[in-house]
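One chain, chain A, links the two complexes that follow: it is found with chain B in the first and with chain C in the second.
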Partner chain A sequence: MEELLEILSDLRPDVDFENETKLVTDGILDSFDIISLVSTLNDEFDITIRPANLVPDNFNSAEAMLELIEKLQDEE
Partner chain B sequence: MASQVFDWIRNSAALRGDRTVYSGMGDSISFGDLERFSASVATWVAKHSDIERPVAVMTGRNVFTPACYMGVARAGCFYAPMDAEMPHARLVQIMGVTEPSLMIADMEHLEIAKALAGDCEIAIMEEVINGPIDEDLVAAREASVTESSPLYMIFTSGSTGVPKGVLTSHRSLIGYLDGLNEVIHLDENDIIGNQAPLDYIAAIRDMYLPLMTGARTVMISKTEFAMPDALFRTLNENKITILCWSAAGLEIPAKLGGFEEGKPEYIRTIVFSGSVISNKYLRIWQENLPDVTFINQYGPTEATASCTYYVIKDVVNDDTVLPIGRAYKHYQILLLAHDEDNDTWSAVPDGEMGEICVKGPCLAIGYYRSKEQTDKVFMQNPLNKDYPELIYLTGDLGHIGEDGELYFHGRKDRQIKHMGHRVELAEIEAYALTIEGITECASLYDKKREHIYLFYAGEPAPKEITISFRADMPAFMVPRKIVQLDDMPHLPNGKIAMRELADRIPK
Partner chain C sequence: MALTSVPFAIFAIITGILYFAFPKREYRWVILLISGCFFYVYNSFQYTAFILITILTIYLAANRMAAITADTKAAVKAHKADWSKEERKAFKEASGKKRKRILAAALILNFGILFLLKYFNFLSGSVAQILGSDPEAAPQIHLLLPLGISFYTFIATGYLIDVYRETAEPEKNIFKFALFVSFFPQIIQGPISNYGKLRDQLITPHDLDWMNLKHGIMIICWGLFKKIVIADRVWVAIRAYYDNGGIDGNADAAGYGGVMVVFITLMYALQLYADFSGGIDISRGICRVLGIELEMNFRQPYFSKSISEYWRRWHITLGAWMKNYVFYPIAMSDMSKKISGSIAKSSFGQTAAGKHLSRVLTTAIASFIVFLLVGIWHGANSKYIAFGVWNGLIIMISAMAGPLYEKSRNALHIRAEAAWWKLFQMLRTFLIVLVGYVFDIADNFSNAMRMMGLALTDHSLGAFRSQLGTLGLGKTEYLSVIACTLILLYMSIRLEKTALDTPADLLERRSGVIQWLALFALIMMILILGTYGPAFDPAEFIYMQF
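Let's turn to the complex of A and B:
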């Protein structure tokens, strides 16, 4: 979780990732943020985020992102 | 050709009043609704304002926003769209230039509007679109302005640190869309998928083409652009046939692997503009949609969205340099060279590079309340000594290739295109210097990675600087890489050594 929070805070230091739960639904993260985030997460966690994974539920909170990362790591 | 946009509104309401004009975001309105809502808005505006005055409109992404814009136009005034998501400080700057006496805001953004309004009177969108209609008053107002009266004012980045309001007439908008539609031939069967925020220049296509052609527009929710599966589903469920998107917006689904699991089924034509598209992502679109016509457009807001176009013939490869093509009807292009020593201009010899200049009836009127900035770039055609003729200097460089097409070669100055937006690096620096503790700074652009850099000397930590930028500037103007230096490198003449800073950016 710490590593993820660090990545997120580098991307958007103005956002409270520990508490926000509607990052995508409320438009806090825009499509350009998602693009940089997806490529950073793929590199840092050695995963491949597929288009099917790109749904708001997977990116609305740091916790949801962590779940997605762990799920994808298990699959590999 | 219509002469003012309200001719379109009246005609299309008479011709196809029951048909849908705009849908999306949970709502839908017909051509008849658009006529009624805009007449109601026009009645309110006409009762509170003289003709040819600005009206600020802060109404978000919904099908009623175009009715507010067009209502302002029908009252003989011009609309200045405001994006409520912009930071407060930016909106204050825009209001400072505009100084409107009237504003229209929706319920959702009313508090933001009130915080900006000052003495300005605010109408609530949900009320004003359903207010009383005074037919005679609206007709009188429509008759009181001409096709060269201003229609809208759209703001763009200014190198002085203050955004510039580009003021555009009815005639320019109608001329551009007439030229565009000669190429894309929309009709009543077409369905346009709107990507551009409604306060941007790019949205004029999606809002006004239906009035001209009988097509209709579906507004796509902003969150879907980060979620390609949802985006393609929306395109297919709505049977969308036409996309007029920013190049940056078109790249997103290709970057996120959207075509791995599906593709749009009904699209026939894709027009893109705003920046040089990446061949890699354009090719993904082309290979997945081989029957679609792709059109590359070029042009600044000052020439009413786009002035040249190129219909792409082949699938691009890594080495392809796409032309920006030829002028649309109602536009002419000149390539001029400036001799700095004598301050003289001349036409460039065939095939050589020059500054792209635009003339014709579709130029913007100029920058609002900024004669100095206007005179710098809207000037007498230096090749015409015989009669007054205005040209617009784009600041872009180009050359005519052996194929007769125009090719784009970037900027003369420090303006960049980032995430599809025009950004003056000087404006980023001007803002950074207002942050307490920053003594010197310089902003550079890493085009390959699409990162804006800010190098600076001073107290605050990079993170604090990002937070300041996020609070006061639009997201596309926030530097992604912020580098603190003990001292800025200097040239012997005291200027900042930009080359030395450029070497610090990874190759």
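Let's turn to the complex of A and C:
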């Protein structure tokens, strides 16, 4: 979680990632942010996030992202 | 049968009565299917085959893909003990390829039909022109467009891609799937519904609910107000401008100057928004009465502070479709990764600008492609391509120049939160949108450039004032348009501030008396100030022809 939060605050220092739960639904992260986040996550966690994973539910909070990362790590 | 016509109103009311009166609740969706079929055949009888082909092919492709997925999972499970990791992987890959082939075939077929009907004539003419022969003599397909083809093709293919990605379960019942594709309130001009959000709502039986009925009627009336009272009236002026030669090269005959170009572009912005969003309101209102919530398609788009925000608030469902099924796949493709990676590794990639560029360049290119497609989606004409390129370029440049922009704002000590700065951003965005609209208004690219040239160079107010009378509207009509636009503006500001969806939600906070008075006033305005009668040639909803 620590590592993820660090990546997130590098990407957007202005956002409170620990408490936000509607990052995508409320438009806090736009599609440019998502794409650059995905490529960092892919590299750092050695996973492959696909377009199919880009549903709001997977990116609305740091917690949800962590769940997705763990799920994809299990699948590898 | 236009959305604002009496036959359509009768049709919608009969559908509602049959729906709620149907005794077998679990089969109420069949009423919606039958009414959708009736509506389609009534309006577009000779082209019914096209929508049937789409329903059938997408239905079969989705179920075939799902069957392969299920078989693969079963086989992997059965051979858990005796397959090596490599064998398992190879098997999965082989079945993945099969699914991909089915997806590709269904997409090529369905977009192929859309492409042939919508773009063949344009392309054939252009090719002839490039080859130096007469474009008029080039082979042409003489067909009108099947009703709603751009909408239902996107609705159906979006579902198919969701099934391919395993984010949606395939629909087993072909009649239920046919209802999803042909649902009558959305086939006319969208929204481009997402299967996951709409499917269960269509199938679940709903009972007549007083609140839904009241809100639904309010939303319908609000849509009618935007459409009949504002859009259709303003359309008269835009038509007169067209007919008097304002959009073609014959500017001298019309004598319209630069101020008129600006005025007509503003009128067009008003007309397009009132017409399209009003039509969506009518569709959403009908659905609300039926207990079905259609997706929002507009959220006060002219209050956007950037072009990318504008496209998240205008025709929202088209933007979402493009993002999910075009933008993400391109931006996340191996090709994009390679380009970003090679920039990052180069010596340029070590600089701040290089780092930024390696992060956004491919994303910016992907969004440019999306807007090119959005432009082409609007129609087969060079001006729509220019419209897409214009929007795409702005978004691409603003993404790439983002840090530079922030830097200069900081250097000038402008607070991003300052109210005047936000207002400036809104006006700037609106101006960019207006430039895009000039491409829409003009009959082709070169005349759009001519009109913009006029707007920049010719500012004679005197001529403009004397020409206002040539637009087919009298003084009272202008006043009515201004007053109603102010009402629309007030409501939009209220919705923006409260973050509510519809004027019905706003009114819900008021007392019952105010609610009824507002509804009464709205109906009176529609009856008295609406544009009716044989003298008026009712413009079809602009988006109905797409």
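Here, the second predicted complex is superposed on the first by the 76 of 76 C-alpha atoms of A that agree within 3 Å, B and C clash if a C-alpha of one lies under 4 Å from a C-alpha of the other, contacts with A are read in each partner's own complex, and residues count from 1 in each chain.
To be clear about the criterion, a residue touches a chain if its C-beta (ideal position, glycine included) is under 8 Å from a C-beta of that chain, and two chains touch if they have at least 3 such contacts.
Nothing here was measured: the structure is a model prediction, and the numbers come from that model.
**Student:** Touching A:13 in the superposition: chain B (first), chain C (second), both, neither?
**Tutor:** Touch status of A:13: first partner only.
**Student:** After the superposition on A, what does A:70 contact: first (chain B), second (chain C), both or neither?
**Tutor:** After superposing on A, A:70 lies clear of both chain B and chain C.
**Student:** Check the residue A:25 against both partner chains and state whether it touches chain B (first), chain C (second), both, or neither.
**Tutor:** first
**Student:** Per the contact definition in the header, classify A:3: touching chain B only (first), chain C only (second), both, or neither.
**Tutor:** neither
**Student:** Pick one for A:54: touches chain B only (first), chain C only (second), both, or neither.
**Tutor:** It touches chain B and chain C both.
**Student:** Let me test your reading of the model: by the given contact rule, A:44 touches which partner, first (chain B), second (chain C), both or neither?
**Tutor:** Neither partner.
**Student:** In the superposed model, which partner reaches more residues of chain A, chain B or chain C?
**Tutor:** Partner with more touched residues of chain A: B.
**Student:** Overlap of the chain B and chain C footprints on chain A, residue-wise?
**Tutor:** 27, 30-32, 35-36, 38, 50-52, 54-55
**Student:** Residues of chain A touching chain B in their complex?
**Tutor:** By the definition above, chain A touches chain B via 12-14, 24-25, 27, 29-36, 38, 50-52, 54-56, 59.
**Student:** Show which residues of chain B lie in contact with chain A when the two form their complex.
**Tutor:** 85, 222-223, 225-230, 249, 252, 255-258, 260-261, 419, 463, 466-467, 470-471, 475-476, 480
**Student:** Considering the complex alone, what residue numbers of chain A touch chain C?
**Tutor:** 27, 30-32, 35-36, 38-39, 49-52, 54-55
**Student:** Of all residues in chain C, which touch chain A in the complex?
**Tutor:** Those in contact with chain A are residues 165-167, 308, 312, 323-324, 327-329, 331-332, 337, 340, 359-360, 363, 366-367, 399.
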